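Next come two complexes built around subunit A: one with subunit B, the other with subunit C.
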Partner chain A sequence: MKKAMLTLTLVVFLVATAPMVSAQTELSMWYHGAGNYVERDLIIQIIEDFNASQSEYVVTLEEFPQESYNSSIVAAAAAGDLPDIIDVDGPVMPGWAWAGWMVPLSLSEGALDDFLPGAIGEWNGEIYSVGLWDAAVSIYARRSALEANDIRIPTLDDPWTGEEFDAILETLQATGDYEYAFDLGMAWTGEWYPYAFSPFLQSFGGDMIDRSTYLTAEGALNGEAGVAFGNWWQSLFQRGLAPGTSQDGADRETGFIDGRYALQWNGNWAGITALEAVGDDLLFLPAPDFGDGSTIGAASWQLGISSTSENPEGAAAFIEFAIQDEYLAAFSDGIGLIPATANAAAMSNSYAPGGPLEVYFALSEAQALVRPVTPGYATLALIFEKALADIANGADVQDTLDAAVDEIDADIEDNMGYGFDM
Partner chain B sequence: MIRAAETRKNAPLWVRLLVPKDAPLYQRNEAILGWLMAFPALLVLTIFLVIPFLMAFVMSFTNQRLVSPNPTEWVGLRNFERLLTVRLFTLEPERDEGGALVYDDDGSIAYPRLRNFTRKNPDYPELNGLREFTSWQSGENRTVILAADVVFLRALINTLIFAGVIAPLQGGLALLLALLLNQALPFINVFRAIYFAPVVVSMVVVSLLWRFIYDGQNGLLNTMLGIVTFGSFQPVDWLGNPYTAMPALIAMSAWQAVGFHMVIWLSGLQTIPTSLYEAAALDGAGAWQKFRYVTWPGLRNTAVLILIVIVIQAMGLFVQVDVMTRGGPLDATQSVVFQAVQRGYDKQDIAEGSAISVVLFIIVLAITIVNRYLTRDRDTS
Partner chain C sequence: MTTMTWETRHRLIVSLRYTLLILISAIFIFPIVFMVVSSLKPDLQLLRDSGSLLAFLPYGDVSLNNYADAFERVPMAQFAFNSIFTTVVAMFASILLNSMAAFSFAFLRWRGKALVLSLIIATFIVPFEVIAIPLLLVVNSLPWIGPQGIEVGWLNTYHVQILPFIADSLGIFLFYQYFRDLPDELVEASRIDGASIWQIYTRIIMPIAGPILATVAILKFLVMWNAYIWPLMTIRSEELRPIMVGLQYFFQLNTQWGEIMAYLSVVTIPVLIFYLALQRAFIESIATSGIKG
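Here is the complex of A and B:
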């Protein structure tokens, strides 16, 4: 009797609530920014606006700390339990797409026309993800220090040449005013190495991998250009121009601001802090040109749709809603990143014409080159990081680059070409 | 009143297998009770230790990846061959047309570059992809040890050196501290707490702090040494120099863990009856003789325990490396576990990471067995 009553209650409850559930489809979303309240408020604002703007879908948010976000996705994918909307770091996206965890993103025609190339996640001819922002790096310098040493201030169209840059470093070091002439940020191990340092290699004419086939690094990384880059890189540390791999994080944060480093290779995200400390004297200068043009790394966190989503149209509708200019500008004002479109940049505080970080938008537009677009990137990045650290510490340049190439090629072979035709 | 036979008949199969048929009733009940009590712990151990280990063992014979749509395949011993292949190679010097030796600018004999032999040379297929681990002069020739995985080999040797140095260092220091603190002095518990404090602090935090202490420019250690030597000490980049990085890690690790082993020594010291010391004093024994003939024999079992614990912990060297050096500079601080994590997780090659774990397991097992054999109780054997 009791059992029957219970069953009846349950049935009544289910029938009563069923229409409520089916009226609006729930879309789950995972985001990497737990712990950052500004970012959280921004993303919640977008979700609330989206939920209020239509009645078909309801987006619910689950947040993860950045350090454990990727492993959560890996675990969820293994368990077949991915959310509908995921955010993904640009260079990692091809790996997830290749693994079959993401589906191509179908936005309406022209939705991404004005976007910075670095904010668009494309792999294998399909767009899988799109970012609300991009990031860029530049050389931090003090105008007064350059003028005192008769150093030309470079522009985007006329950057320092490799030789010119090298002579400038020697000059600044010789003044004796600084511990080091150029802070590369060796303390920031991990993704910073390929992101920030592979552009130098590219400017020498090399690359982390042969992008024409994505099947080998032979010739690209250990060819003449690669070795020339490696020799220059090693000499920076041997001549005592740059702090090496043992640099601690505190020196990285404060060394330039305290005036112990003359120049610093750093991202736009640190720009506001440096401006507050240094003031109008601060310059953001483009990367030097070592012969093959100047490039900087591109692509940051982006939004995409998981392959297990039952409502990819709904997920795409949300992403299209989120990439409106006003939200791009809001994110930029909140956490300091470069808005992905020119219109949004104009609406933002820092990147608008005349804004303190305006130069970064131009840098991103003109020089951004995404990191190698291959599912093998995660491994490639670590091999590259180790090679650069070893060369900085005095390892033989050619042997180290050869070993890196062997390891990269073996990994590609183990993975049957990572989806590229072998 | 339940009869023994009935209990046995109604018991589950595993109980019947484990408890001998002719055991007296109370013993049989005790055995059942014992297994029941051990059950929760055994379950947890099985899920989190036994099963993962068996999985790692199986995966080390496959090409399993963390993220991949490709099917998993058996690859036999490939992963182990990649880790452990080592070859000797004799490099002959370069000669000019007349057959005479060619010399470098600095007067040493010139050799062809190894990469001519190890990179896609059809005449030396067995050397393809190998790298120089170390080499030495033998007559005019150079003998080179080539390894398929130089980094792993360095990691293995580093880990063994780390364990070999830290076991006597940390165990000895801990004993010294324990002897000092095993006295009835005022505030002795305050000192015990102070020496124990680093053990409670997370290793990640300790590692971060010591990065600052070891800073090559204005770190605490360099500054202190500068003051003590009235400025004549040249700052050393402790973690940036391949020769000082590993000693720096060893010193810092010993500092962090010494308090824990001190407490174990202390507990050992307190099990030695004071009457033995009184008897020794009556026999006219001095401080050293008391230590040698009363304290040390009394600490025998403690010493065996501490030795095994330190060595096993040392073989698992990871956090310090991960936070402070990431294996550098020039592989001077690579460790086996760091390599297992980096390959299995960061490079997403879970099969290779598993293979490293299996190799580590076999080494630790061997060390423990040898240790047990060498320190066995000779009186009863």
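Here is the complex of A and C:
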């Protein structure tokens, strides 16, 4: 009887503890790609491969729609309910790190050696996130239109100068063949403004903020270079060279393809659609150089680890697994963005040598400049957007930029420097 | 001759009136026509037509492809079930709870009634966005009896989408207004006849509260069916998401406008059916509100 009881106790103990002994540690992951079934299949494939590759961790996925993903993260952070692995838009990362929602990412040495700089999320001397891809913008043009007007085709090493570009816009507008010479995409409000338009300001020699301290925008945004940029920017609309803030979203989508706009400032993500519509006549040209070099924006969605994760090592192991070249190339083939490494680009359909979007990898490598790396970026971006819209609508350039600087500096002061030494 | 003149004038007035009414109704109908017609067109054609009257005409490459693609992109059946379930439960619970509260305010005598009613009405001025984060923190720390026993936190559940929205100050106010306008003799006579409070509520008042029931039901239906911010904050699993959050699935790097229109067309149909079903009672409620019987 005693022996039977002992055996029964042992069996109960073994049954009760069996799941504990064999259970893998669960790592929760939130991702912004709900609704994009190509992206979902890719991320699920990576997760399945990772789960099968080792026995210590099992990653589970929750997907959120991109448009509302940040709101869900903010709510989860407020509730103390963040997952282990989160993805984060590059310029937003410093804000989340500063808020204490993310921890630095510990990857193997050399894991990011070949990565495009825009795909690495670094803040305060630490890497917090890494992207499987980057995005880039270029000028869409028709070779036939340029040749018909004796306009030289610029290269990465020899882009159009500011003066040259301005003259080209005047020439194309004067042909009368187009409603507008240059479509900037003013209909795309929000993050498009700082992402797509701050590179023009940087090429003039200005910036959204003084990056040496991140404590003021004085001089960077409203200095000589900033005002020169503002005057040029305003003149595009006053001279009727570009559609303004009232541009219809539909015109943005179809204006260049239908031949109503001569040139268009657009991202690589729209490249395949434009190629299908325009064909081999389509060119992707580098940004003009207004004196301080050609610049384009950088940094897209990246993976990082939440501060509430109880298994940051496991989360880091998954991220390191996910950034293998084969997955970067698969993502590029699936959703059209630029692979984060040259090896992956060579493996991809669009960005391999001779591929239809090959030029974008070089553009990203040579010209990309991440948006200001500060927790105050979200506010900075809103103020910048408003200032550009006001100037486009005819507001005084110097006054508008001065007011924007005051607003940015006040926000920095209100937030005690956002972690930068005041 | 005079009769003809009068008839002509009458016809003219009627014609003008109907023309005006048609024009006004067109303002409300055209967006729906645009939505449905656009849902049948490919994206490029949809965008090209959007600046002209062609946007209202189903011509060109018309098909149901957007509907098929929308169903493939979003688990619409699951989202629809979630929305119908949370909406119906919240609607019935809300009608029951709020009508009982209003009955108490209208017919029962208790100390502090006026003050409590004033406080409830005062909450009208507090928008949901103001209380969203505090409410999130509250529901995240509330207990619930689940399959695993007592659990703390309501996040990612059906009940977190329902319970906070049952008690509704607008619903209480609307019921109260309606009840207050009923003849006092109705309740007094019932009391004299020996009816209990519960019997007066269930057998005398609620059976004649049809119009206000329809009004509160429609308003609650709209609030719950259109729920967006709260589910975004509290729901993590796709299996529990309501239908309006699904709309965000279509806003990708290249937005799928045709699919959005198809999705919206499907989402709008239940709202129209529900409204049309209760339209008569809804209008009656508005028409009779404030009239003392």
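The criterion applied here is as follows: the second predicted complex is superposed on the first by the 401 of 422 C-alpha atoms of A that agree within 3 Å, B and C clash if a C-alpha of one lies under 4 Å from a C-alpha of the other, contacts with A are read in each partner's own complex, and residues count from 1 in each chain.
Note that in this section contacts are C-beta pairs under 8 Å (C-beta built on N, C-alpha and C of every residue); 3 or more make two chains touch, one makes a residue touch a chain.
Because the structure is predicted, anything quoted here is derived from the model rather than measured.
J.: Record, for the superposition on subunit A, whether partners subunit B and subunit C clash or fit.
T.: clash
J.: Does the superposition put A:41 against subunit B (first), subunit C (second), both, or neither?
T.: In the superposition, A:41 touches no partner, neither subunit B nor subunit C.
J.: Let me test your reading of the model: by the given contact rule, A:114 touches which partner, first (subunit B), second (subunit C), both or neither?
T.: A:114 contacts neither subunit B nor subunit C.
J.: Would you check which partner chain A:189 touches, where first means subunit B only, second means subunit C only, and both and neither mean what they say?
T.: Only subunit B is touched by A:189; subunit C is not.
J.: Look at A:126 in the shared chain and tell me whether it touches subunit B only, subunit C only, both, or neither; answer first, second, both or neither.
T.: Touch status of A:126: no partner.
J.: Report for A:248: first if it touches subunit B alone, second if subunit C alone, otherwise both or neither.
T.: Both subunit B and subunit C are touched by A:248.
J.: When the two structures are overlaid on chain A, which partner does A:170 contact: first (subunit B), second (subunit C), both, or neither?
T.: neither
J.: Who does A:63 touch here: subunit B (first), subunit C (second), both, or neither?
T.: second
J.: Thinking of the overlay built on chain A, is A:147 touched by subunit B (first), by subunit C (second), by both, or by neither?
T.: neither
J.: When the two structures are overlaid on chain A, which partner does A:75 contact: first (subunit B), second (subunit C), both, or neither?
T.: Once the two structures are laid over each other on A, A:75 reaches subunit C alone.
J.: Of the residues on subunit A, which ones does subunit B touch that subunit C also touches?
T.: Residues 248-251 of subunit A touch both subunit B and subunit C.
J.: What part of subunit A is in contact with subunit C in the complex they form?
T.: 30, 34-37, 62-63, 65-68, 71-72, 75-76, 78-81, 248-251, 253-254, 257-258, 267, 269-270, 273, 335-336
J.: Name, in rising order, each residue of subunit C that touches subunit A in their complex.
T.: Its residues touching subunit A are 43-44, 47-48, 50-51, 72-74, 133, 136-137, 140, 153, 155, 229, 232-234, 236-238, 245-246, 248-254.
J.: In their shared complex, at which residues does subunit B touch subunit A?
T.: Contact set of subunit B toward subunit A: 63, 65-70, 113-115, 119, 129, 131-132, 150, 211-212, 214-217, 219, 237-242, 325-331, 342, 346-349.
J.: Under the definition above, what is the set of subunit A residues touching subunit B in their complex?
T.: 74, 77, 95-96, 98-100, 179, 189, 243-246, 248-251, 375, 378-379, 382-383, 386, 389-390, 393-395, 398-399, 402-403, 406, 410-411, 414-416
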